[in-house]
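Single-structure report; data block below.
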Amino acid sequence: MVGRWLGRYVLPALVAALFVAPLWFMVVGSLRPTGSPPPRTLELWPAEPTTAAYARLPELVPLFRYLANSALVVALAVPLTVLVASLTGFGLRLLSRPARRRALIGLLVLLLVPVTAVWATRFEVFRLAGVVDTYLPLLAPAALAVSPFLVLLYAWSFGGVPDSQLQAARLEGAGWLTIWRRLALPQVKPATLAVAVLAFTFHWANFIDPLLYLTSGDRYTWPLGLRFLLLLNPTDWPLLMAGSVVATAPCVLVFLLAQRVLLADDPLAALRSKGRP
Amino acid sequence: GCTSGDGKADRPGITVVLFGDAEEVAGYRSLVDGFTDANPDMDVTLSPVATQDELMARLTTSFAGGQPPDVFLMNYRRYGQFAGQGAIEPAQSYLDASSAIKESDFSPRALDAFRFDGQKLTCLPQNLSSLVVYYNADLFQAAGVATPAPGWSWDDFLAAGKALTGDGRYGIGVEASIARLAPFVWSNRGELVDDENRPTTLTLRADPAAREAVDWFLDLQLRHRVVPPDAEEQSESSEARFLRGTLGMYLSSRVAVPTLRTITGFTWDVASLPVAPGGVPASILHSDAYCMSAGLPDHRPAWRFIEYAMGASGQQTLAESGRTVPSRLDVAGSPAFLDPAKPPRSSQVFLDAEPHLRATPRTATWARVEKEANKLLEEVFYGRVDREEGLRQLEETVRPLFTPAGK
Amino acid sequence: MSRPRSPLTGWAFLAPYAIAVAVLVAVPVLLNVGYAFTDHTGLTRDPQFVGLANVRRLLDDRFLLDSLEASLFHVALAVPVRFLAAVGLGLLLAAPRPGGRWFRTAVYLPTVIPDVALAVLFLWVLNPLYGPLNQFLGLFGHAGYNWLADPTTARIGVVLMLAFPIGEGFIVVLAARRLLDGRLYEAAALEGCGPFGQLRRLTLPLLAPVLVLLAVRDIILTLQVNFVPAYVLTDGRPANATLYLPVYIFDQVFEFSGFAYGSLVTILLMLITAVIITGLLIAVRRWRVLR
Amino acid sequence: MNEPRGTIRLAALTRSYGRTTAVDGVDLDVSAGELITLVGPSGSGKSTILRLIAGLDRPDGGRVLVDGADVAGVPPHRRAVAMVFQDYALFPHLTVLSNLTFGLRVRRVRRAEADRRARAAADRLGIGDLLDRYPDQMSGGQRQRVALARALLRDPSVYLLDEPLASLDAPLRFATRADLLALHRELRTTTIHVTHDQHEAMTLGDRVVVLADGRVRQVGPPQQVYDEPADTFVAGFLGSPPMNLVPGGGVLGGDPALTLGVRPEDLTRDDAGPITATVEAVEALGSEAILLTRCPDRTRLIVRTGPRPGVAPGDEVRLRADRLHQFDAATGRRR
Amino acid sequence: MNEPRGTIRLAALTRSYGRTTAVDGVDLDVSAGELITLVGPSGSGKSTILRLIAGLDRPDGGRVLVDGADVAGVPPHRRAVAMVFQDYALFPHLTVLSNLTFGLRVRRVRRAEADRRARAAADRLGIGDLLDRYPDQMSGGQRQRVALARALLRDPSVYLLDEPLASLDAPLRFATRADLLALHRELRTTTIHVTHDQHEAMTLGDRVVVLADGRVRQVGPPQQVYDEPADTFVAGFLGSPPMNLVPGGGVLGGDPALTLGVRPEDLTRDDAGPITATVEAVEALGSEAILLTRCPDRTRLIVRTGPRPGVAPGDEVRLRADRLHQFDAATGRRR
């Protein structure tokens, strides 16, 4: 009985503590007073917590503008990612078995392409399109569904919708787009949530694309802003941590909202209770 | 072609790419504001990035993509790469024709560093800085050591360092890098490379004077232990240590000043680098310059911005940050820079060092040489490898990098 | 699947993606491949064809050897660690239990930390004097390491850091495990199979396709993408021990004006990735993963 | 267009999947308003034929004509066809009401009107009070009726029902079958009903089509197919327990060129009968009993008798065969 | 331990899921070597009882005793129980052969020996040539037989068969049922067989257990349960078509306190019979026919006659009820 209890609660709790620790120390670090050296022992909570570091952020960098820019990019990019990933995933679902295998191999090859291979050369494409220094280049990863992996995730989820349902809807007069929207998508809400969360994290933290394709300082997103803090006074750990907390918090928030469905014991039941009127 | 001003042909617009931390960027922003106030017909897109690495990424991408910025700020240790490719529009002719600024306004040492072919100016340096010694005056007093005097020697320096070390404190804080090592080599009349203009190898071992300086530098750590050892340095940088009041002397350039100005607990000041016994005073130039991208149809708007930035009011704006020494000597000598109300009291030291400033080679591959050499020098400095073997490896590894790739 | 619909429909849905791939991946990659045989520096617009000059340079580049070694060491260590962590935790936490959701949430959370923040955080975690890791080792009387000063420990430090953001693989394993038919486990139990036997004979083989996919993805990620935190954490130090291939490429292309050479190393990186993955797929082909 | 609405003609219809030929040159005429039953062993191509008619699958060869016109180019949603799937294919994320109105809404019927019609259909099938449930909250029988109701709302010219009663238990199946029949009598819509249930095959359709390996073995009114099976396959397939088939005639009267068959109910106990057999097992079914017997030459004969036959395993009985079926021993065709 | 091996006793066994009580105080004794059949409508708790015996599920109340010992603490993989699942539960990643040897290998039988035994079991069930296939490459009937073969290899003290013949077509089901019976005769292993097939319920078991709503309604030899159903539920459930039940007696002879029942085969056409009814439909089943009739008071009566009854819908017939069953009108219990 004790062993069972160990396996079910104690071990998971230890693991959970280990994984939460980095975030925890990030928050704790941001609450220390500026200037004092880092503690020499494990400090679970600062002696005199202060939010001074947070107050200084907007003085040093245009925090709110950067955050607003990030929010704008995410608001555009996440829906686009979900759209592209789900449409493509649905397309894969509809392919015949041999065709799908071919498409999968194509995706695998795509996965093989190192990001470094396209960073600089994409600029040329963007320049020809006249979109350098707009937010369109930041939407490029979204148009690629961020990663073929998200497409596979959708294709895999759509595989759970039986053929007979698609055919029934077809006989009811629905076109394929209608079937995708009204039949397939609602049945894979956990996948949509997962893709949305992953896409949010990616776009929110995206550093390299804004660095390379945005020129106006006014259009910068927060990850770029965070870098400006990195070089400041080295005893200003709290400031850096506060910047990191600001960068991380939205992702954590979005994830915490999604986990109710995503990580529940029975994802279907969790969905259902939400889906019900 | 230049498409950055798309749709606004009536209003010339330029893009300025530069690097700096949050506070520096704020300074540049006010510079740009000053410029647009003075030139309401121009649009300036300020495009800051944090580090020099990021600057390089941004520039390479935009150059390769055919849409380079009009003006960019660049350290002299890296501009050789660009100049060697003809990517920079040489500034000499513009300066000659300018009525707003003239060559004699500026520090010749700084200007020289930006003559890529040795004659014509390629970029216009906005600042100059040198390696100096910041010291904690209270610690000196407590240890009963005399504060550094102009022209002090290596031995004074080391003795002070020893006296200040102990009790969890260290006497000297210095980064293990070529840029920190170089002034000591030069002070000892040694040379860093075999040929200043066409270097093919480092001469840290071959040149006895250089070797002596290198050994002396390494001994600070390896023998005298007046420098924080590996783990200590990793745990807390020398700058942080100095700020906390547990480091006697800290070797850095002018960049450190804004941070050091947050110190409230003790008094600190700045001194020139010590001189080698029988050597000459020397320090190393740190300078960033405004460059114009080659191949743009019209360089006049860019030049107007540079004229403003290099003009008296532009340089003054910059000087007020305290972060740099303006390359305009009139501004550098003015209270805008030497403001006695703000520490360090002895800012004159930076100006006094100017005649002794030297620059590292400006070849296309120097940046790479320095980067790789720094990594290996660190290994030797912290005793992770044997000194002799480490130095040999350093020179061997770096040697092929002097020859430009593919040539 | 049969042909219950015109075969074109599926492809039509793939079209937008295909267009995006063509414009945003295929064209840039082809350009990049083309540049590998020129003297392009990235700073001028008239690269000249130089044939195999870059290849010759590649063949006696000692830094590249360091970089290769670093990358291979990294893959060999990081992939198993991340993979085992994701799969192990996924399976451990899959079973319903009160509070299970919060355990799972905890495991996922480090994944949402932006790369830069994670690296900054690990600068502190690995700090030789204040870092919690050494303090933890201190509890066992161990003196700790100067993590980022020694090549081996620096590499291990990077791997440790990357062992935290495993949420994506973790979620996939969770989901895949939940999709397995509970009836099979009952059948196996009645055949006399205990919990360990069920893991070995049912769970792992049934999850094999998913696991292989995850491993493939992780290899690619580890070789190609995950370097951003490493870049901030160590930037190749000490002595090029963490000069992973993408870092080297990044340096070549963006710092040292070696655009063409960087392109060539990129191709090399792609080939290496492909070889490793092909090897993996061949090694596991009897699991019918591509069925 | 000169034929009445709802006729279907399949001409040399063929469909293969890889190496298996699921449907192999099927010819079939279904007249308007007819209810036809498709039976055959699992994998004989029943579902495939329905899918070809619905346009969910394309034939490799042959044609499907609806009301005389080839429908090859007509996509499924333009064919006036309603199908009830083997697994119902209800949409799990929608309530019953939304399941029913799905097609109407897709075809842009206004919500109020769609609801009204869905409710009417649901009431007709006795599921009017389940409209707010989700499919997984209902029993098999209820789901079945939702699927039927959804099909009803289509008002098609052809119904295709793929084993619609398969997962119902006996009493429910009995009741639903009666409902289906009543519905067909009322609407008179052409219906093709797939089943593998003996009872349904015999009772539901005007005609029954027996399939095997993708080919039509026999078409005709059920009683006729039962009485005069076209070959040994049909003889063995229809009827439970199946017909006793004796290759070479054996105890039924030898003729090496023939296979003789006799249905269990046509073997009557008769003390003067020509056949002697030993009872091996007695299966009492309540309303009747089945004797499993074996003749001296080891031929097994199944005999159907009234309830309480009064024999026990080991007893010897004498039998008379009333109606013999003759099949060619080589081809299996009826002689 | 003083009882013989393979006895099962269920004592007040109860299991609820949320608000539904799947098994509700079931008491049952199965003696060693017995073959018992569990029947009941869908959702009556049949599968749940099997799962409780196998240890796959834990009872909320009551006990399961095997060979006299309470097995509450014994995990499923230590109970000597073999089960055939309603949905087969074959391992999709293993070939048929590996599926069969799975249990043997787990119990450390050497590979050669395991293969030999698996092949023998497969041959016995006629799937010897499928050993290299994967489950998804087989038809339902073939999978079913693999599941059976896998259970056979266990040599357990109890077999639990959950509708093992459900997805076989009629002839195959008939044959496999005979195989199962023969096997049980040979091995004499205690077997609990769940079915919803009338025929199986009547023929397979030594005793039949009728379940409804998680409760046992009647236990006894099949013929006895058929002849003397304990209540109206059992009367309506066993037998196809089901017994005619007339609340208040009606045409069968009125008594308001009673519900009278008569089986279709006990209604005989007799021109002197007391009951007049109009034929509404004739279902010819080949070997027999079913008349759906309605009496003047709108009572429906189902009549079973021989084949070719010679009546048509609309004809009037007179009937005689031979064996009447009497049930309490209020409780439904047999009087």
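Per-chain numbering from 1; labels A, B, C, D and E assigned in written order.
Here is the rule we use: a contact is a pair of C-beta atoms (placed from the backbone, for glycine too) under 8 Å apart; a residue touches a chain by one contact, two chains touch by 3 or more.
As the structure is a prediction and not an experimental result, all values here were calculated from the model.
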Subject >> Chains touching both subunit A and subunit E >> reply: C, D
Original post:
Max contacts between which two chains?
Top reply: A-C
Original post:
By mean C-alpha coordinates, which chain is most distant from subunit E?
Top reply: B
**OP:** With chain centres taken as the means of their Cα atoms, state the distance from subunit C to subunit D in Å.
**Re:** 55
Original post:
So, what's the distance in Å between the C-alpha centres of subunit E and subunit B?
Top reply: 91
Original post:
Whole-Å distance, subunit A centre to subunit C centre, using C-alpha means?
Top reply: 17
**OP:** Hunt down the residues of subunit D that sit against at least two other chains at once, touch-wise.
**Re:** 51, 56
Subject >> Touching two or more other chains - residue numbers and ranges from subunit B >> reply: 57, 60-61, 64, 66, 236
Subject >> Residues within subunit C bordering two or more other chains >> reply: 2-5, 42, 127, 129-130, 250, 253-254, 259
Subject >> Parts of subunit A lying in touch with subunit B, wherever the complex brings them together >> reply: 35, 37-38, 60-61, 119-121, 123-124, 126-127, 130, 132-133, 211-217, 224, 227-235
Original post:
Considering the complex alone, what residue numbers of subunit B touch subunit A?
Top reply: 3-4, 6, 15, 17, 20-23, 25-26, 29, 45-51, 54, 57-58, 60-62, 64-67, 69, 236-237, 239-240, 243-244, 259, 262
Subject >> Touch list for subunit C against partner subunit A, complex >> reply: 1-5, 7, 9-14, 16-17, 20-21, 23-25, 27-29, 31-32, 35, 42, 89, 92-93, 95-97, 99-118, 120-122, 124-125, 127, 129-130, 132, 135-136, 164, 168, 171-172, 174-175, 178-179, 213, 216-217, 220, 224-225, 228, 246, 249-250, 253-254, 259, 262-263, 266, 269-270, 273-274, 277, 290
Original post:
Which of the residues in subunit C come into contact with subunit B in the complex?
Top reply: 39-45, 50, 53-54, 57, 62-63, 127-131, 146, 148-150, 236-240, 250-251, 253-261
Original post:
Quick one: in the complex, what on subunit A touches subunit C?
Top reply: 8-9, 11-13, 15-17, 19-23, 25-26, 29, 38-42, 84, 87-88, 90-97, 99-101, 103, 108, 110-122, 124-125, 140, 143-145, 149, 151-153, 160, 163, 166-167, 170, 176, 180, 190, 194, 198, 201, 204-205, 207-208, 223, 226-227, 230, 237, 240-241, 243-244, 247-248, 251-252, 254-256, 259-260, 262-267
